[in-house]
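To start, the structure itself, in structure tokens.
Chains: A, B, C, D and E, in written order; residue numbering restarts at 1 for each.
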Amino acid sequence: MTDATATNGSGAPGRPRKSSLLTVDDRTRARNRAETRFKAYGIAAILLGLSFLLVLVWSILSSGLPAFSRNVVSLDLTVTQEQYDAAEEQMFKTAAYEDLLINSLASEMGESVNPESIERILGSSGNTLRSYYTANENRLGETVTFELPVSSRVDGYFKGRISREGQANSSFLTPEDIDLADEMREEGIITTQFNWQFLTGVEASDDNPVAAGIGASVVGSLYMMIVVLVLSLPIGVAASIYLEEFAPKNRFTDIIEVNISNLAAVPSIVFGILGLAFFIQFAGLPRSAPLVGGLVLTLMTLPTIIISTRASLRAVPPSIRDAALGVGASKMQSVFHHVLPLALPGILTGTIIGLAQALGETAPLLLIGMVGFVALKYPGTVSEGFLDSNSAMPAQIYTWAARADQIFYEKAWGGIIVLLVFLLTMNIIAIVLRRRFERRW
Amino acid sequence: AVAQSRDNVQIAGSSTVLPYASIVAEAFGENTDFPTPVVESGGSSTGLARFCEGVGEGTIDIANASRPIRDSEIETCAANGVDEIIEVRIGYDGIVFASQIDGPEFGAFEPSDWFMAIAAQVPVDGEITENPYTSWSEVNGDLPDAEILTFIPGTRHGTREVFEENVLLQGCEDTGAMEAFIESGMDEDGAEEACMTVRTDGVSVDIDGDYTETLARISSNPNGVGVFGLAFYENNTDSLKVATMGGVEPSTETIASGEYPVSRPLFFYVKKAHIGVIPGLKEYAQFFMNDQVAGAGGPLANYGLVPDPELADTQALIENETTMSEM
Amino acid sequence: MDDLRLTERSVDQKATKISAKNVQVYYGDTHAIKDVDVEIEDKTVTAFIGPSGCGKSTFLRCLNRMNDTIDICRVEGKIAIDGEDIYDKRVDPVQLRAKVGMVFQKPNPFPKSIYDNVAYGPRIHGLAKNKAELDEIVEKSLRRGAIWDEVKDRLQAPGTGLSGGQQQRLCIARAVATEPEVLLMDEPCSALDPIATGQVEELIDELRSNYSVVIVTHSMQQAARVSQKTAFFHLGNLVEFGETGQIFTKPEDPRTESYISGRIG
Amino acid sequence: MSPFWIFVVIVAVAIAGYFGARQRAFASGSGDIRNLHSLPNFYGMNALLAGLIPALLVLGLWSAIQPIAIKQSVQGIILEAEPELSSGQLNLEMTGVQRLAEGLDAAIDRGVLQQSEVLEMSAENNDLRAELGEMGIALTGAVTPVQLDAAQRYLGILAYGDRMRAIAVIALSLIGTGLAFWRTDKDFRARNSVERVSRALLLAAASIAILTTLGIVLSLIFNTVEFLRAYPADQFFFGTRWNGTSQLGLLPLLWGTLYISVIALVVAVPIGLFAAIYLSEYASRGVRNFAKPALEVLAGIPTIVYGLFALLTVGPFLLNVFGGGGALGVDWMSGATAVMTAGLVMGIMLIPFVSSLSDDIINAVPQAMRDGSYGLGATQSETIRQVILPAALPGIVGAILLAASRAIGETMIVVLGAGAAARLSMNPFEAMTTVTTRIVSQLTGDADFTSPEALVAFALGMTLFVITLGLNVFALYIVRKYREQYE
Amino acid sequence: MDDLRLTERSVDQKATKISAKNVQVYYGDTHAIKDVDVEIEDKTVTAFIGPSGCGKSTFLRCLNRMNDTIDICRVEGKIAIDGEDIYDKRVDPVQLRAKVGMVFQKPNPFPKSIYDNVAYGPRIHGLAKNKAELDEIVEKSLRRGAIWDEVKDRLQAPGTGLSGGQQQRLCIARAVATEPEVLLMDEPCSALDPIATGQVEELIDELRSNYSVVIVTHSMQQAARVSQKTAFFHLGNLVEFGETGQIFTKPEDPRTESYISGRIG
């Protein structure tokens, strides 16, 4: 010590000796400022991230919540056997049922009402009637009360999406129709209720936008996520374990390693091209099937899971491995008993992020037939669920967002809310597990 | 057990046709005992590419297209064994020019206005220069003094082609720029190309997404003018107002009569070999082109399709399964 | 015991460097240190002895607030350095630790080169004006840590690739490089051979001329060799504290005696 | 027997083998596991794997090959009758046959017909279409004798094949289990054997990555070659202009990709890293438990939302600041869509990729490292910057690479946020576009699918693949070089 | 030296347990062990002594192939246990390590409960038929590790929350729980107080009646107390190997002598 200062010549650099602990010296003050700054950056980063989240969630909620309510017309209807037979005769049967509805409502509203107005106010409910009566022929001739959704315009008017002025030159709704709708609402014929149909319903065309629901595609996404989870987690973890713990360090494993990181950068649509070529054209799996979607997304998710798993395996201190090997555990046992549990938080993080990505991905689905107008019924059996044509939530949202009628825009945001809820539910288990396995050593 | 064979009709192709096809598919499922067809989107190109992959269960039955099939595509199809194709024209799609409802009053456009506003090169005082205009009023005194900002379909859209030919090229000829180009030493093709080349200085923005994106852009740019399909515009009259083109108001009637200059036919193509193999395929085509569906007053027209005046011919064509080569 | 210390102080005229009063330490519900009072003098080597698990490391870690990093650890009582309460709100633990250096029981070199391991402290405290000065500090510290000869040719090799004893000496070198006023050493020679131990003991002796050193050791001989004062801990209690000679020759507490003579553990 | 039931049977056999072998191991060790080479479970697992893996492999292979074989054989019948059929027509014919076979099969299932009846049926004296129609099995056309013949052959082979498959697979499973059972003995190295198999399975899992790469290359290469045949390669690789139709130069797209990704990383990496550091080193448990999953939600929001956010919120905001007449009075930005807009928003999306993964890695650095640093009087931030981050570096680099990869592959945000203009410009406030968005738009457009304009999508995909491969090799080299291994 | 061993063997009639011939170890380019020949006998305690960094741990780790886990480490030569070459391809390192247990220089408990730390080995080797037997093994091992009294009330507490010496004893307990035939102990008493050291030495003595123990130590006294044979390493060379008494009283090599008398390091 003494000779250090001696060789340095003038007064020793650094801390003045014998300083008080209670007064912070200049250098420490500067370092503490740096510390404060550093910490502030951290807080700022978190706050920034959270505020972005807040803004996004707020805009999602404000645009999407209206999708969860709907306006319905309550209507007592009597369909006679003759009317039924006549309608079933037609080629365009549902249109015939629609006419029945319109006429009935028009007569209920009084002479002065233009049936065309009623037509514009009511959504297309012909199919609702038809399926009801074909299933319950015994109710023919009786009076049945139906609650049928109003048309998307009227719905939009009641939700404030559409203004009266805006309809001035629209062929879909006239100011008179709006007056009539207001009147019907005052009379209690039109009421607002929670839109279960949105949650349980299936895709509908632009002809019947109010009926469109996210339900079937939730099921599609669910089946895809099952495939992704069941395949990508074990395969990803197994591949990481091999690469990190067992692989001899040679050219071949380097190639695998680079390959995996590279796969992460492959645009998702290219996975769609691959899926189309391999799973559909080569392996002969059906188009638009959640199974194929799940397989494609599995390939897409694998790199994410592998990269995060490897990073966390690598972070486990070697002394733990030594300890296990030292008592005569095999490499396999040391990995599965000690290293893997310690790496679990990172694995779960990778899984959460990978699944989130897979759940929200549309592009690869475009090529394997899950984007468009699909998913018309719920699967009857489990295998049907995997193999039957279905869509997925992001695909549904994507197609809705591109549709002309603004109610679809609302539904798209509503779909995003459902997707996020789905995502959170899916992640909660992983997050809870992760919290249990987090520890420092 | 026996492998399940496919029992629903599979359709893919143009996203412009998608809404119409899905309306029909839905109604077809509701009104018949056949399962509802699956209609995929993804563009005319992908649809036709898949259509031409070959015949058999693993390929699609119908391709939707917002343009006629090309000869090169027909050749590829034939090479893959798809030699019998039934072409069905379902009607017309009008292309309209609309702007924000609270924005400047554009009122009436002429093709020449558009050419002068967004072509890369225009003749100014007889000389060909880089397009100097920044305001519509500089192009045409009748137009408001609003910054030029247009949102036109990206080069990969079928609409773009129609826009280029019926608006830009037309405008090019109307303004005499075409001649000026030729005079300046270009050959005819070169001049046409020059007519249809759009400036790249940010005044005209290519939209690669769909009309929703154009709408979103217009709502954040009061001066913006966008190109839309008629159906899309009609669904959004409360945020958009439309301008006339060549003095004609776009509507189902003016388009059907051919008065309105910018419209294009929409198609779907049926793989004849699949008729009789895939249940419901022919029935779907028939249902689609039925008067009650594709005719005036039907759901397609309600949504914005301009019905084909020659609907009856098309119906006969489907009935007889007449392929393109037989016509 | 109090009288003892008084007489001793009057003899050597040394100031109290660290004074601990009534210190209690808990790990969750375990009471690891019970009611310890001790005064550590400046320019003195104090040895902590006692059976394994009696709380030596725990108490040592209280002296530079390293216990702050253990969530479940709670310290009560008063510890003052140069009369200033180190658990005072105004005290910056960073400054405290710069003043009170520490060598840990388990060698923990950073996953960096040997050079960077040693240069780390001087760098953050700004003890060197330039690279040459830093080189000098590193060399001197490694020499004092009795490891220079073994590593001088591989200063850029990772510190984690050293043998156990080398790592321990590297950590000693790292600690002295920051020139602390008090050096806490938790079994610094446990992995060292006799010769290296001798060198480290020489270092401790050298340090004593300017600083205060606290050393935890299991070797009575070592305690006797290097320390002037010795504290004997047992089951969390400070059983006896006094001049080393005194403790080893005529311990007051029967437990001390039996520990020294090898009867209790 | 359907594959499902075969599967059930072999699983049952394997499970039985598991317990049997366990028991036998016990017995051979005279009831004391100390006499065994391995734990009893390993003997069980050994039998389980022996019963399961070969049988499953054969089941899979058989099920894949059988339809092809049947098709070959049935096609023979059809070709015999109609030798001039093209392969496509043959395909269709086969679909008809299959539909018929399906109908007959359903009839057998419902007990309407007997298997033998079906096989002897002839087309002449049966109106099959009507008959099956009555049972709700729709056939699309009348049944020809050839079709019926073929369908009968189909059903016949199928029944035989299915039976043989069941026998073969179950026999294999029994043999495997039996062999393992027979070999079970106290000195048998069951653990080694099980671990060898497990290791092979791990290797197989790792090889999937290679197969995927191979698949991607294969599915891109033909069209890429096709494209390069139709479009001059030098204009593609070195062209500086892109208009999507006649000019297909790659450089502006690459430049846009690079620019946007860099901006996204400049946003995501500092925010993500600081968030990770704060979460793992400073934050209380409560804050961490809330903030980490909350940030992860950012990764799960569909990109279309980000795209709209860019288009409707961020773009106009930036325009107000940097545009002409904006808050800064500089006229750098002329439209809301710009590299900056897309980059910023993409950066937000990527925050959790960096923050969550890094947080886990930082958390895994042993406490002894921190103690060592604090003990020298380092502040927490010095400790983090100089000890913890270097130790966690490989993992953090992995996280950043993942984020970068995601940035390169993202479409929606770029389409909506950055516009569709391909441009070589330094100004971050101008619209540009990326390779990935062009792949999507060229692929989903309306153009002629045989034209270079459509095929270029494949070439773009291929080029991007090769370029990122190069970047990853470089990244691997860097990580190897700076890796710090702690004890 | 050879003669020495021969005579010794004829006296004790003990078989060779481990024989190493011509062993060379390299870390990358560093030659850490040079040409070592040694024969370790059954039912004997062999002590490795030598200055820090001379290669004791490295050589020890060769004996149960723990060096396999270090990428850059390369072992040449022949090491045989009971006449079987342990570097033979057919040898399963796992079985080898079950036979040749190890206590590491730096205590490395698993981040699990104390109970699970000890029970791990018996579990994977199937040493207990049931829970009760396992409990018994755990208790017995902890007792042998001289730590039972301190931890019996907190068997479910994490092993990482123990004091340094306690961790070391826990690792000893963990190693003996699997009942290896050879036990390699790398400075097992470095963090232990004299009493605990005494207990561990007793354990070693007890183990000797059935097994072979190799112990690395820096304490000559300890080597003299517990071992029958001693090997002295210096700079990677095995300088001298022979009966402990012989080595300590009349070493043949001048280096040994100067090390023992405290002159070289």
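Everything that follows uses one rule, which is that contacts are C-beta pairs under 8 Å (C-beta built on N, C-alpha and C of every residue); 3 or more make two chains touch, one makes a residue touch a chain.
These are the chains along with the protein names UniProt gives them: A = Phosphate transport system permease protein PstA; C, E = Phosphate ABC transporter ATP-binding protein; D = Phosphate transport system permease protein.
Because the structure is predicted, anything quoted here is derived from the model rather than measured.
Following the contact convention of this document, D, E is the list of chains adjacent to both subunit A and subunit C.
Under the contact definition stated at the top, the chains bordering both subunit A and subunit B are D.
Interface comparison, B-D versus D-E: the pair with the greater number of contacting C-beta pairs is B-D.
Chain D has its Cα centroid nearest to the centroid of all protein Cα atoms in the structure. Of all chains, the one whose mean C-alpha position sits at the greatest distance from that of subunit C is B. One simple way to say how far apart two chains are is to compare their mean CA positions; for subunit C and subunit D this gives 56 Å. With each centre defined as the average position of its C-alpha atoms, the distance from subunit C to subunit E rounds to 29 Å.
Between the CA-based centres of subunit B and subunit C the separation comes to 83 Å, rounded to the whole angstrom.
Each chain gets one centre point, the mean of its Cα atoms, and the points for subunit A and subunit D are 18 Å apart. Shown for subunit E are the residues that touch two or more other chains, namely 94, 106, 124-125. For subunit A, residues touching at least two other chains, in rising order: 31-32, 35, 284, 318-319, 330-331, 342, 366-367, 401, 441.
Contact with two or more other chains is made by residues 67, 191, 367, 379, 382, 443-444, 485-487 of subunit D. Chain pairs recorded as touching, per the definition above, are A-B, A-C, A-D, A-E, B-D, C-D, C-E, D-E.
By the touch criterion stated above, subunit E contacts subunit D in their complex at residues 92, 94, 106, 124-129. Remark: subunit A residues 31-32, 34-35, 38-39, 41-46, 48-50, 52-53, 55-57, 59-60, 234-236, 238-239, 241-243, 246-247, 254-271, 273-274, 276-278, 284, 299, 302-304, 306-308, 310-312, 314-319, 330-332, 342-343, 345-346, 349-350, 352-353, 356-357, 359-360, 362-363, 366-367, 394, 397-398, 401, 412, 416, 419-420, 423-424, 427, 431, 435, 438, 440-441 touch subunit D in the complex. Interface residues of subunit E, counted against subunit A in their complex, comprise 64, 66, 69, 71, 93-95, 97-99, 101-104, 106, 108-111, 120-121, 124-125, 160, 171, 174-175, 177-178, 180. Interface residues of subunit A facing subunit E in the complex, by the touch rule stated above, are 249, 318-331, 333, 337-338, 342, 439, 441. Across the interface of their complex, subunit B is touched by residues 2, 67, 86-89, 91-92, 94-96, 98-99, 101-102, 105, 138, 140-141, 154-155, 158, 162, 243-245, 308, 311-312, 315-316, 334-337, 415-416, 419-421, 423, 430-431, 437, 441-451, 453-454 of subunit D.
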